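Both of the next two complexes hold chain A, though its partner changes from chain B to chain C.
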Partner chain A sequence: MAKLRGTGIAAVNYPTGMNLGGDPSQALIHATTTGTFVISLSSTDLGQGLKTVIAQIGAETLGVPFENVLIDTADTDTGPHCMGTFASRATHRVGNAVIMAAKEARKAMLEVAAEELEVSPDDLDTDGKGNIFVKGSPERKIDITSLALAAHFKYGRTISGRGMYIKPKSPVDPETGKMDPDSTEAHACVVAEVEVDTETGEVTVISLKSAYEVGRQVNPALVHGQIVGGAFMGMSHALYETTAPYYPSPDHAPGSFSEYIIPGPHELPHIESVVLEYPSVNGPYGVKGVGEMTANAPIPAIVNAVSNAIGVRLTEYPITPEKILRALEKSPKVKQLAENRS
Partner chain B sequence: MSEVASEVIREMKREFKVVGKSVPRRDGIGHVTGKTVYVDDISFPGMLHLKMVRSPIHHGIIRNVDFSEAEKVPGFVRVLTHRDVPKNIYTILCLIGVGPDEEPVLAVDRVLYKGEPIAAIVAETEEAAMEAVSRVKLDLEELPAVFDVEEALKPDAPILKPWGTNYFIYEGHHCRRVRFGDVEKGFAQADYIIEEVYNTSPIEHAPTETTACVAKPEPDGRYTVYTNTQALFFTMDNTALILQVPFSKLHFVGGTVGGGFGGKVDVITEPIATLAAMKTGRPVKFKYTREEEMRVSSTRSAWRMYFKDGVMKDGRIIARKVISYADSGAYNRHTPYAVTKHAANIAGPYTIPNVYIDAYCVYTNRQPASAMRGFGVTPASFAVECQMDKIAETIGMDPWEIRFINAYRNGDMRPHQKVVEDATLIEVMKAAAELVGHKLPEHLLKMHSWDREKA
Partner chain C sequence: MPSRIVAFNLNGRDVEVMVKPLTTLQTVLREHLHLTATKSGCRQGGCGTCTVLVNGEPMLSCLLPVEDIAGQKVVTLEGITPIEGLHPIQQAFFDNYAIQCGYCSPGVIMVIKALLDRNPNPTRQEIMDAIAGNVCRCTGYEPILRAAEDAARRLQSA
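So, the complex of A and B:
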């Protein structure tokens, strides 16, 4: 038989935040005696790198080095409330709460520094390297450790801050469905290139090339990680994964990874992406969110590419080899190939 | 240039010290060297293990459960049934006002899906707990089961819910509705009517780390629960409600999860493990096996979506009607909420003046569906983007062009009556076309999301 090639595209939006809002997160920040800033949360890192990006946002707002910021999460006795890590919400919500807390802590920090340097707090700035200096005369400065020691033992001042973010809960009109379901929208366009083996029905994804627009990237390497991970997950969902292979029949439900098929590293397609940054209005430093969406667009892109390859429009996923072989029976392209041969 | 556009450009050029830098993640080395501590790594002296007695049938009446042989297994400690659970019937979304309570922690007199927990057995070892579970004798009367969302809505389908329907009721309506413009008028004006039905199957989250917790009694009378939940307070508050204990009795610790994808926002292991710790006075671990993760834990729901579009010769979609069915499985969990999010997204990132959506949350005798990465939007994106290709093919237009023509822009009104504020669909399509070396025609390259070009 033959190997047929096809390409497909998909363009998608993805909403940030719990549907309809009403999902708060809080942050508390305090400086230790030696100038380490502890950000207390009850948020969860699912492996996506939340603990890292939140420390970056905290360090940026405080104006201190990244190394001076610790994330203390998640303990319900010490960390203030967080709704949870889902709905592409964590960086957006927790990041905003951290900025609010860090602004308050920074204000306290500058006030103590102003006393030490005998200037007004308005005349001070941070260099991001661990010093607070007088604007216009950078040699007049105090380092963060000396400052925190002075705050604790000389002035009896706390360098701390409280932050919270919520998009208030909004109702749905039951008649018209009028609602406000998101805080901001990220976007993506994925182009898939596939090869279909008409003998076995197997699909090889040759490449997944994508453009993402996710607002500000706090950590481009972690965004890239999400794009690659999501591309692979989306490919797996498009081609293999289901708990009900003969849905709606409940039969043949897989119970292990030998039956629930997920592709291996050798099936990883060529993945390439560009990321555009159009900062959102309400995200921390313009963040939108890249958590869930990266697994979405690859699915229709791959299904469209397979449809394009075989000349039959597929309307369900996963498109397992069995489903593709059944579709191929209806394919004018394949009929043509067979006729040419005979 | 509009004010918004110049504001965005100013913001784009802002300089940062740490934000925007690819600093190495702090937990990366621990993760890749196997040194990160996950819940299953946590162990305490005297710790017991909990395993569930589960329904072997899809739908049935529980006549009797006989534990006498299970109790003889060496290492057996005790059994927990629905009588031990203070508030056995619950719904996790009660905290955000979604009701009614409808899922039992442990089945009372009926099972609605294969794998539904009937009783918990606590034993000295995991092996003893599994052995004891295997010796429990269940006397069940099997009832007809329904697995298809449309079959479940037929008058002769077995009714699964106490309120007498197999669908969730949205403020008096049998589905989540969106009504925008006049869809029938749109169809009447359209040059083409393009219909299709799209289907998706249920999907498992397949995290590396299975759902797990350890509940430990503390000397001060409180309970510490080490858990891999995605939502610490949500899980703790639901646990306190189910166990009817003061919230201050509980202390949850987590924050590091070996893959969530939405599979760890159900409140499944913590209430029963904490109850077992309370009843035995010993630490209790409850960890899903891989088989439980696949056959029992929540899945992404399966969806069926009927599309009918009215399209003009020039490619504009002027009317879209969608009837969607989400297969919630036997219980609510997060699916009623996912259906609302789906309804807000099933018209896609396109501006369509007439839209009619009915999105149903349907119950079947399947393992419950719940939250999963993409929460109602994944099936929407799938169906919409396949439909866009079908429209392009039907009217003889390039698949890129059909998307550009219909792409939403800032200032447009979406079907759920929210004004578009931060569209960049056209921008990502232009960037993707450039990346793959696809030459777009000039009139598409001129488009952008901030203003509509004058006709």
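So, the complex of A and C:
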């Protein structure tokens, strides 16, 4: 028997957030006595790095260092409402809410600084290093710790802000079906290269190469992490994961985590990716979103690559060795190989 | 069956615990001693996140009755973490974005620790073989492999 190689391609257009919209998120910001800006959210970080990117967006809008921002997602019962961390919506929706809250908090911060420096708030700017200074004379400045202390104990004021974002729910025209389903779309294309062992039906993914257009990247390292992790997850769905594999009887189905087949480090293919940034018009600093989509396109790309390798169209995944061996019985390529041998 | 006292060395200190027979080391660490860096995943030896070192060897604490390690040396993630800063392996994981949700990280880090202790300059294949029993659902393993290689370099130049 032989090892057959194939290449497959798949593309995805990924709409950020809930279909038709109507999925709000809120944010509250307040400064502590020592000038830490606490951003309260109910938006949970699942490991995708939401706390990091939200702190970046908050710091950028407030004009304070990243280290001065603390994200508090401690309790979804008591925090400001968030629809949830799904549909790649969090950076887009929550980021917009945080920008709105941060603008209000920044205004309050500059008003206190104006009193301390005896100028108009319009004459002030932030240096992003923890100071507020008078435009044109940067030596006249106040650091945010002194400012927060003054706000609390001298002026009796809060430095705080409220923010929310909602894409209003789009109605669907019952006559025409016309609607506004999404706020922004990210795009990607994945090319998979595979090798199929015609003896065992096993597939080795040799490489997954991709191009992603995700709007502005707030944090390129985290975007890359999503793409690599998602590629692996997609491969896992394409080839392995199911609670109902094709086996002679249901007794053979996995009954626990230990028997549920997922790939490990040995199955890691060569993963390569380039990211294009076309900022969205309604995302925070041009964000679109990248998360769920990274596990989407690798699946059809791999299935297409296997179909290309064996010459038989496969329409059901995961493409387990059992399914491939059955498909190989119909493969013209395998028939050709057998004829050549005999 | 009555409870009995089991003594062992944990992270350099002698400890005694009163346990029912077959109580796992994982339960003792997390529920008796409140050392929660060692995670509880599948509780059937399938995911690797509960890995600790027993006499320097990586072991699945969810399958290990604590009586079996009486008198032996156990090291958990708490045991390699300095009071200030991070262990070089932890720092390498941090710097290489090898942690996303973080649930597999304690087990993976202990496996890498055991590997680098006996093989300071492993190949990528040897690292993959070492962590083959650790399930990671977020990273796709690639950053973990990079972090392990980086950790080896850091420890060798230290």
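By our rule, the second predicted complex is superposed on the first by the 324 of 342 C-alpha atoms of A that agree within 3 Å, B and C clash if a C-alpha of one lies under 4 Å from a C-alpha of the other, contacts with A are read in each partner's own complex, and residues count from 1 in each chain.
Methods note: a contact is a pair of C-beta atoms (placed from the backbone, for glycine too) under 8 Å apart; a residue touches a chain by one contact, two chains touch by 3 or more.
Nothing here was measured: the structure is a model prediction, and the numbers come from that model.
Student: Now for A:Glu60: first (chain B), second (chain C), both, or neither, which partner does it touch?
Tutor: So A:Glu60 only meets chain B here.
Student: Chain A residues in contact: does chain B have more, or chain C?
Tutor: B
Student: Mind working out whether A:Tyr278 is in touch with chain B, chain C, both or neither, as first, second, both or neither?
Tutor: first
Student: Between chain B (first) and chain C (second), which does A:Lys154 come into contact with in this model arrangement: first, second, both, or neither?
Tutor: Once the two structures are laid over each other on A, A:Lys154 reaches no partner at all.
Student: Touch test for A:His252: chain B only (first), chain C only (second), both, or neither?
Tutor: neither
Student: Is A:Ala74 in contact with chain B, with chain C, with both, or with neither (first, second, both, neither)?
Tutor: In the superposed model, A:Ala74 contacts chain B only, not chain C.
Student: Applying the touch criterion given at the start, work out whether A:Glu175 contacts chain B, chain C, both or neither, answering first, second, both or neither.
Tutor: Touch partner of A:Glu175: chain B, not chain C.
Student: Counting only touches as set out at the top, which of chain B and chain C does A:Leu222 meet: first, second, both, neither?
Tutor: In the superposition, A:Leu222 touches chain B and chain C alike.
Student: One more residue to check, A:Lys51. First (chain B), second (chain C), both or neither?
Tutor: first
Student: Using the superposition on chain A described above, determine whether A:Lys335 touches chain B (first), chain C (second), both, or neither.
Tutor: In the superposition, A:Lys335 contacts neither chain B nor chain C.
Student: Show which residues of chain A both chain B and chain C reach, each in its own complex.
Tutor: 46-47, 49, 221-222, 233, 256-257, 262
Student: Chain A touches which residues of chain B in the complex?
Tutor: Going by the criterion above, the answer is residues 8, 11-12, 14, 16-27, 31, 58, 96, 114, 147-149, 151, 170-173, 176-180, 196-204, 206, 229-234, 236, 250-262, 265, 290-291, 294-295, 299, 302, 327, 337, 340-341, 343-345, 348-349, 357, 364-367, 371, 373-375, 377-378, 381-382, 384-386, 389-390, 393, 399-400, 403, 407-408, 415-418, 420-425, 427-433, 435-436, 438.
Student: List the residues on chain A that touch chain B in their complex, please.
Tutor: So the residues of chain A touching chain B come out as 8-15, 19-20, 22, 42-47, 49, 51-52, 55-57, 59-60, 63, 65-66, 71, 73-77, 79, 81-87, 128, 169, 172, 174-182, 184-185, 187-191, 209-213, 216-222, 233, 237, 241-245, 247-250, 253-257, 260, 262, 272-274, 276-281, 285-286, 288, 291-293, 295-297, 299-301, 303-304, 307-308, 313-318.
Student: Would you mind writing out the residues of chain A in touch with chain C in their complex?
Tutor: Residues 46-49, 221-222, 224-225, 228-233, 256-258, 262, 264-266, 268, 271 of chain A touch chain C in their complex.
Student: Report the residues of chain C in contact with chain A in the complex, numbered from low to high.
Tutor: 41-42, 44-47, 97, 99-102, 127-128, 131-132, 134-135, 137-145
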